[in-house]
Amino acid sequence: MDTPTNDAETRQERFERGLDMLTRISGEGGQRVVDALADVSPELAHQIIAWGFGEIYRRPGLAPRDRQLVTLGMLTALGGCEPQLDVHVNAALNVGLTAEEIVEALLHAAGYCGFPKALNATFVAKKVFGERGLLPVTTD
Amino acid sequence: MDTPTNDAETRQERFERGLDMLTRISGEGGQRVVDALADVSPELAHQIIAWGFGEIYRRPGLAPRDRQLVTLGMLTALGGCEPQLDVHVNAALNVGLTAEEIVEALLHAAGYCGFPKALNATFVAKKVFGERGLLPVTTD
Amino acid sequence: MDTPTNDAETRQERFERGLDMLTRISGEGGQRVVDALADVSPELAHQIIAWGFGEIYRRPGLAPRDRQLVTLGMLTALGGCEPQLDVHVNAALNVGLTAEEIVEALLHAAGYCGFPKALNATFVAKKVFGERGLLPVTTD
Amino acid sequence: MDTPTNDAETRQERFERGLDMLTRISGEGGQRVVDALADVSPELAHQIIAWGFGEIYRRPGLAPRDRQLVTLGMLTALGGCEPQLDVHVNAALNVGLTAEEIVEALLHAAGYCGFPKALNATFVAKKVFGERGLLPVTTD
Amino acid sequence: MDTPTNDAETRQERFERGLDMLTRISGEGGQRVVDALADVSPELAHQIIAWGFGEIYRRPGLAPRDRQLVTLGMLTALGGCEPQLDVHVNAALNVGLTAEEIVEALLHAAGYCGFPKALNATFVAKKVFGERGLLPVTTD
Amino acid sequence: MDTPTNDAETRQERFERGLDMLTRISGEGGQRVVDALADVSPELAHQIIAWGFGEIYRRPGLAPRDRQLVTLGMLTALGGCEPQLDVHVNAALNVGLTAEEIVEALLHAAGYCGFPKALNATFVAKKVFGERGLLPVTTD
């Protein structure tokens, strides 16, 4: 885990530290989002990396695995964020959550967000698991 | 952690197992919600306990602490769920999350849900922390 | 039920037909909302009455009772609309839904919107039922 | 309408009663959702059937037609639930709502959820009506 | 800018004034939505035009450019409204907002709605800009 | 308008530039939010100021008045953000929007978010206008 961000850093240094964090957590999925922004909103890409990953994600107060649990909950609840769920189901697997735990978290979500949003999120997880050879998932 | 729910249970037994789980996780806050439903929708109270806590929460596939991380994310993202956030910030503390981790989770939420919802959730957390003598919270 | 709105009507006539419909459905609650808008956005009040009630509500294709069922579902799902739910729980009772049916509709909502939003809506219903002497509600 | 669920039932019996209800209401659409969950979250499929349909839908306090009106309202308001709206527009037709009433309910939704969500829901309804040979719909 | 709508107009006149406004603002995109509604909910199409554009949009109190800024903010925040964002990014360009301002507005949205919804909206804008030969967008 | 943020700044410098921007735009309301966070999440306060105001708001690509129009749209659409709407209705007045334009923007919102959210936002505006001696608002 990195040290917190209370030092003097240039905009470029914040970006580089964020990019390092993004690559460790989200792998290619995160990079693809950033690339797709290059010709329309490079500043949005910069801020997702430099601020989202370079300032927030690298803070030591919450483990990467825990951050993904919170994130899966938020993206499921927001709805309409299937592309971001794809990135973050991958990220969740990358930082140590198992497919079984992810499936259980999305079942848990049904009671708070209702079945439709839990279903939408679960089908994104199924797609990611399929791409990573993790199907079938066995719970209980 | 309880065994999963694939056995034969009566409606009353499911309720009792759920009530036990609710009491362990949510303490008085959960019970107050159930009591408040008694004269308007006792069946909603029954289902929150018997299904939400008796069937979902007691499944062994996700630790109680992890369930609260997902739940804090969902309630923050949904918006307008301050009464439920109050119950679940308490629950999060009861199952082992620290005030520092909860605050960090809600800071993390800003990037996914925006500052307004992160603020609303953080002020609920502040109220709960105050009631439990946990202020000030020191992060970093 | 009124005839549809395909005739030539002045803005004032649409308003008057809407006000008649509003009074029949929402009673004092609707009027209070309109009054509260008088010094800040009289046009919003006009459009709620002239368009919402004068054009949409008075169409014969869906019974008033059915409109309130759809409306209760929407307001519960949207979240943060407790003042409007108060008006529409009253409206639902005014057009023939029973307290038992309203409670059942909000229990049904738990599966689609999750427990937190179902709870928020149920507590609004409890307040309205209390004001109208309809507590306790007995279901099943 | 079934008797309420206050008896002793095994997990399997609840599932079977729910499956019977699901088949009557949602037909093939509901079954397809359940099948798609088999290799990723069979427990989510189980709970949708055993709890959603076996416990909630079969309660006698609200007619199936009324449940679909509430559900159409909720799914329209939630947004991003087009796959579930597809299932429930079919369900609404299966339990006795006409295409005209569904269209009117979604027009009614415009005043509460705004035109964008009303449009999204109406285009799902159009797709379902087309598949069932119900176009054009004639209102007024 | 048209005069306000406090005169006597027939339903058909309101529709015609709205259609004129719709065509000026949304061009073909708005018309395509209306056409697609013809066989399922012509009344929804009528009301979007006659009320949305004929009554609200033509009011002189807020400039068309300002209305699109508010609208871009709402559609981004609502989520799941990508088809409507497509129409309104086009409309925003039609009434004088530049691609750079639109991109900046959606970057600004990240702080209020979070990155996922800002991303979804930005990718819709990218698609529209591509169709109109406005890529790459250069900010700062 | 400040120059963009592509230089090397310390964390403290970003905060100070943000605080200057916050004070100009939001006045006391913004400061009160920051103060209330001091004992629970000072980092959230820091990031709202240093990032939200110090990096995003100070970018020259969108005028402060335009940012508030987008923001009013977002906060109205999100729902449950009445405390933030209070701050931003004040901010909107501070950067040159008139009460009449704000009221018109919230009337415009009815077509995209529905009447309930437009009402909630309008009543927040009424409260702020009352505090600043701007009632009654006269439109048309």
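Here the chain labels run A, B, C, D, E and F in written order, and each chain numbers its own residues starting at 1.
Basically, contacts are C-beta pairs under 8 Å (C-beta built on N, C-alpha and C of every residue); 3 or more make two chains touch, one makes a residue touch a chain.
This is a predicted model, so every value here is computed, not measured.
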{"item": "Chains touching both subunit B and subunit E", "value": "A, C, D, F"}
{"item": "Farthest chain relative to subunit C (centres taken as mean CA coordinates)", "value": "A"}
{"item": "Interface residue overlap between copies subunit B and subunit D, same or different (over half shared)", "value": "same"}
{"item": "Between subunit B and subunit A, distance of the C-alpha-averaged centres to the nearest whole Å", "value": "23"}
{"item": "Rounded Å distance, subunit A centre to subunit E centre (Cα mean)", "value": "31"}
{"item": "Subunit C: positions in contact with at least two other chains", "value": "6, 43, 47, 51-52, 56, 59, 74-75, 78-80, 103, 107, 110-116, 139-140"}
{"item": "Arrangement of touching chains [line / ring / star / complete / other]", "value": "complete"}
{"item": "Subunit B-facing residues of subunit C, complex", "value": "79-80, 103, 106-107, 110, 114-120, 122-123, 125-126, 129, 135-137, 139-140"}
{"item": "Interfacial residue positions of subunit E with respect to subunit B in the complex", "value": "110-116"}
{"item": "Subunit C partner contacts - residues on subunit E that touch it in the complex", "value": "5-11, 43, 47, 51, 55-56, 59"}
{"item": "Residue numbers on subunit F that touch subunit E, as the complex places them", "value": "4, 6, 51-52, 56-57, 59, 61-62, 66-67, 69-78, 100-101, 103-105, 107-113, 139-140"}
{"item": "Interface residues, subunit D side, partner subunit A - complex", "value": "33, 36-44, 47-48, 52, 74-75, 78-81, 83-84"}
